[in-house]
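Down below are the structures I want you to see.
In the two complexes that follow, chain A is the common piece, with chain B as its partner first and chain C second.
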Partner chain A sequence: MTNTLIALSINGLVWGLIIALIALGLSVIFGLLDIINLSHGDFFMIGTVIAWTVLTTTGSFWPAFLLAPLVGFVLGALIQRIVLQPIRNAAALSIVATFGLSMILQEVVRMTFGPTPRRILPPIRGTFDLFGIDYEIYRLFAAAVSILALAAFFLFLHHTKLGTWMRAVRHDPETATAMGIPAQRVYRVTFGLGFALAALGGVVASPITTVDFRAGVDVLPFCFMAVIIGGLGNLPGTAAAAVLLAFLEGIISSFATPTVARIASLVLMSAVLLLRPQGLFKGLTK
Partner chain B sequence: MENSNDPKVNRRSFLQYALAGGAATGVANLTIMKDLFAQAPAGPIVIGHHVELTGGFASWGYWHDKAARKAVDLINQGGGIAKRKVVLATEDTESNPASGARKLRNLIQRANAEFVMGSVHSGVMLAAIPIATELKTIYMSMGEATEATGSKGTRYSFRTGMDTYSIAAAGVPWCMENLGKNWTVIYADYAWGQSHFQETKVIVEKLGGKVVGNIPVPLDAKDFVPYLTQIPAETQVVFSIFFGSLSVAFYTQSKSMGIGKRAKMYSVSGTLEAIAPADIEGAAEGVYILENFPRMLKYKDDGFHKEHNKIMELDDIDAREAGSKRIMAKSHAWQSWEDLYTLKAAIETSGYKTRKDTEGVIRALEGLPMKNSLGHPQGDKLLRKEDHSGILDCYISLIENGRFEVKKKIPKEDLAKNMPVRHDLSKMPV
Partner chain C sequence: MIARTTIERGLLWGTGAFLLSVPWLIPALADRFWVNVIAEILIWSLFASSVNLLFGYVGLLSFGQALFFGFGMYGVAIGVEKLGLGFWPALGLGVAAPVAMAFVAGVFAVRLTWHYFAIITVVFSLIFYFLALTMKPLTGGDDGISFTLPSTFRFGASEWGFAQEAFQYLFILFTVAACLYAMRRLLGSPLGKAFMAIRDNDVRASLIGLNVYWLRLIAFVIAGFLAGLSGALFAFFGRYASATYMFYHVSGEAVVWTIVGGAGTLLGPLVGTSLFIVIREVVSTHWQHHSLIVGAVAILIVIYAPRGVVGLWRDLLDRWSAPKS
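Our next item is the complex of A and B:
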């Protein structure tokens, strides 16, 4: 029992880090653009499809770690320009637009990649004994990649000119524009970065889950829960909430049914909405 | 002072509007009823197809659609049904019960479908049956939730394929004898998975076995580690019920955790439907699967099966479509092909001309035997009179080297013996 508890706690941390990577993109987009992006799960899905395509065409999985975020960034910037910029001032419309975008992305992938789910073998094979369960080595690698990507993003946000611009536009768009910061370009870069983070999450998760045109549908609710618990637009809060949620589900799953664990996460989210609507991690850097 | 132009409703205007509204409703109703009940018998016969072309079941729906279109072409080349040309009206359910319900009304009320071949999605199917019944239209169900020909069945719902009851009755006895008596059931936590769990548990316990683990998994699960660690150590058979990507994720993660090394893995065709084991890099290797139409031609090696594969453009090993990577959803999509021939037989036997003759078709379907033929390439079967359920041959296959190798054929007679009638739908009013 104790061994299972420890193993599931560690697994919760590992899985939470992967989810944090995906949820961070959602939070970035909301934090800066005030867009509730219902197509964010599909950005993750696009990442898994890019990983599968890279693997089948080159025979190697590794280039996907570079290609998926790059393609994601370009696609994100294009989507922001074509779909979201024209409706910039209408928050309700952005929900409808991103919902439509989600359907378009899914159907395009269904028509090109096909409706059948695929599996990607992990690039690092093998398992080890983690407190009595056979645990994949690749999962630890995935967690390490997630930590690196999260750290790199926060460094970028706080130690580069573009990162400073992004925080300035988030804080006060009018003043930032008056100071000569190109707000429209910042919006485009931000959406591109959100897409790139989700696509990278897709590459990292693809050998653990599957490649499927509807893969993003299942990821989105968990990401939203992380964003809500962490505080809308609160980036460190979102990452911490994703880890907390997965960790919590891992622990509860060791002594109750997995469904009870999921219910516990939802109860936590409801409690946060009721008692701390600003999120659990208010006060952390936005 | 009252203004004569005041648009307020008074008693006179109310009566005028009420009479006009009543007359309009009456005319509309007569028009609809005229369409429903008085179609010219000499014209084409419209058969609806309520199918998943998009959404979660799209990989299956493609094959249901293709099978139906090919069968309609064949039937029309042979002179149609009762010398009437068959027109197939197709509606996409979007793999969504709410959309499916709306689309079914479109099929019946707008496209004038006189019979409907129904959805393989259990949720859509269960939402559709009350509507089909209300509109007095025969609905050939294809989903596996047993309720369609059980507690929620009506005189209008039929199923030539299998449900969770018949799947349990067909597969569990052999598995109990050959794989083990302590079972863990791990399943997608919705109607289909729950129904499998309940039906399987009853038969396992009836045969002296024990269900030691009951693990429902939320539909949005991506990480299976918390669920796989719940499998009790004494488990001899892990029975898994998932479909599509959830199924691939289950096989992938259970393989990496070595579940198959400590227990036998058993599942149903739905978990690997439209998927070639070789395409998921061996994740399903060593899993026993209950099929009802062998994936490989050699296990039902006859001219009808061969011709069916040829018309559907399938290879004879993986059931892969020529020129594409698609794998036929073989243990389900045959129903869209065969149900057209089933309806043809019942329509012609009963002398059906218009919708008012539907009761005759129902009576002809109840107890209808079907012979192994090009119209019924899956094989001989019976549409049992009482519960409108298909009684057919099944096969237990083992995934070996990426192929479905049949290990045991379960004859339809054994299936019938193991699944006594629980609901008599034939005594319900039409």
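Our next item is the complex of A and C:
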């Protein structure tokens, strides 16, 4: 009993870190562009598909860690330019546009990759002894990669010119433009980065979950929960909420079904929305 | 030069006449499965109208209308299959359950606006989607509940019910038409004007003495009624209920249909729903990847006709009928 509890809560922790990566992308896009991006889960899915494709063509898993964020960035920037810039980030229209985008992305993957889910073996095999249970080494590696990527992203946001621009445009787009910051380009880069993060999350998660054209449909609500509970646009809060939620769901799954765990976190989310719409962590983290 | 209203009135009468004659016209001209496709379009446009009432007239974007659609479906299916009800009591249950649910959900949801409202509605619908999946004995879980149709009317030996295709179609047509007409009357009434005042500026609306919270709640319950009734009709139409219709994709489709057709216009949802279901039916017989086209159409309309197909049509008519300068 305690063994399964430990295993499930650590699983939750690992999964939460991966979700934090994806939700961070969602939160950046939301905070800066005011877009509820319904195609975000599909970029996670595209990340897993890229991982599978790289593994089957080159025989090695590792290039996917470079390729997927790159593809995600380029595709995200292109989509911002072609689809979202013409509608000037109008919120209701962007929901329809990203819903349409989600359908297209899923269908393209279904056409090319096929409708059957596939599995990827972890590139690092083997288990080790963790409080008396055999635990996969790859999962710890996945957690480490996620932490590294999260740290790198926060460093980028606070210590580079582009990151400062992003924060400035989010704070006040008009003043930022008046100060000579190319707001449109910042929007494009932000969207690209958001998608790159989701695609990276897909690569990291691909040996843990299945590679399936519908994978994004399940991930999307979970990411939204993290964004809401962490506070819309509050990036550290989002990351913390993702870990907390997955950890909680992991613990609840040890004595109830995963569906009950999901219901519990949805109820928690409604309570947060109604009682603290600014997020759980407002005031704790700036 | 013909005035815009004359053209639109003519078009409306033409569409009405066509819709009335469908059960006899379609089997004579085309494959008779189109009768059911048109019936399905009518049901889904009633569903989209519930999104339209909230978003187009009150300014609340609901992403969780599938919750009430699902309650309508389950109300009918559980009423017939588990409680042994006849057609009318089951229909009543299929309407009462979503209306009650809309009231309870609305008490909380309409305290929030905009993004938060969109998200809390989707959260509520997801909670009940997952609940429906777990409560297998009541809801049938993934498989859903199938039931045998009760008859609608019985006069002595003759029976009328959804088993007769023409009766089923006309019943759906009259129900949907009655709802749209009632919605038109509602929007012309002081209540409807109050809705639109809130949509345009909720602060100003409250300053002139409107109770914004109550008005939003009333709109939310009416929208729940429309969505629930469409779900109840769809349950009778398909003879089953399933949790899959409560998933957020169903809500999302209604939002897309409404905005693509033209939010804030009475017939926008009908136009948008027809467009997408006809594309789906025509393309899917030739090519299995019809989602590509549906997605592309949604994106193109949003970029080039942000006020939807009805908005585009009005702009064209205005340009055409305007005096040349």
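Definition applied: the second predicted complex is superposed on the first by the 273 of 286 C-alpha atoms of A that agree within 3 Å, B and C clash if a C-alpha of one lies under 4 Å from a C-alpha of the other, contacts with A are read in each partner's own complex, and residues count from 1 in each chain.
In this section, a contact is a pair of C-beta atoms (placed from the backbone, for glycine too) under 8 Å apart; a residue touches a chain by one contact, two chains touch by 3 or more.
This one's a predicted model, so the numbers in the text were calculated from it and none came from an experiment.
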Simultaneous placement of chain C and chain B on chain A, clash or fit: clash
First, second, both or neither for A:E136, with chain B first and chain C second: first
Partner chain in contact with A:F224 - chain B first, chain C second, else both or neither: second
Touching partner for A:R110 - first (chain B), second (chain C), both, neither: both
Which superposed partner A:G250 touches (first chain B, second chain C, both, neither): first
Partner chain(s) touched by A:T127 [first = chain B, second = chain C, both, neither]: first
Which of chain B and chain C A:T4 touches, first, second, both or neither: first
Partner chain in contact with A:E174 - chain B first, chain C second, else both or neither: neither
Which of chain B and chain C A:D212 touches, first, second, both or neither: first
Contacts of A:T259 with chain B and chain C, given as first, second, both or neither: both
Of the stretches 25-33, 79-87 or 259-267 belonging to chain C, the one that collides with chain B: 25-33
Shared chain A contacts, counted only where both chain B and chain C touch the same residue: 107, 110, 217, 221, 257, 259, 262
Touching residues on chain B, where the partner in the complex is chain A: 54-56, 58-59, 62, 189, 215-223, 225-227, 229-230, 244-245, 247-249, 251-253, 256-258, 274-275, 279-281, 283, 324-327
Footprint of chain A on chain C - complex, ascending: 55, 61, 63, 108, 111-112, 114-116, 118-120, 122-124, 126-127, 130-131, 133-134, 248-249, 252, 255-256, 259-260, 263, 289, 291-292, 294-299, 302-303, 306
Touching residues (chain side chain A, partner chain B) in the complex: 4, 7-8, 11-12, 15, 107, 110, 114-122, 127, 133-136, 205, 208-210, 212-215, 217-219, 221-222, 246, 249-250, 253-254, 257-259, 261-262
Residue numbers on chain A that touch chain C, as the complex places them: 36, 38, 83, 86-87, 90-93, 95-97, 99-104, 106-108, 110-111, 217, 221, 224-225, 228, 232, 257, 259-260, 262-263, 266-267, 269-270, 273-274, 277
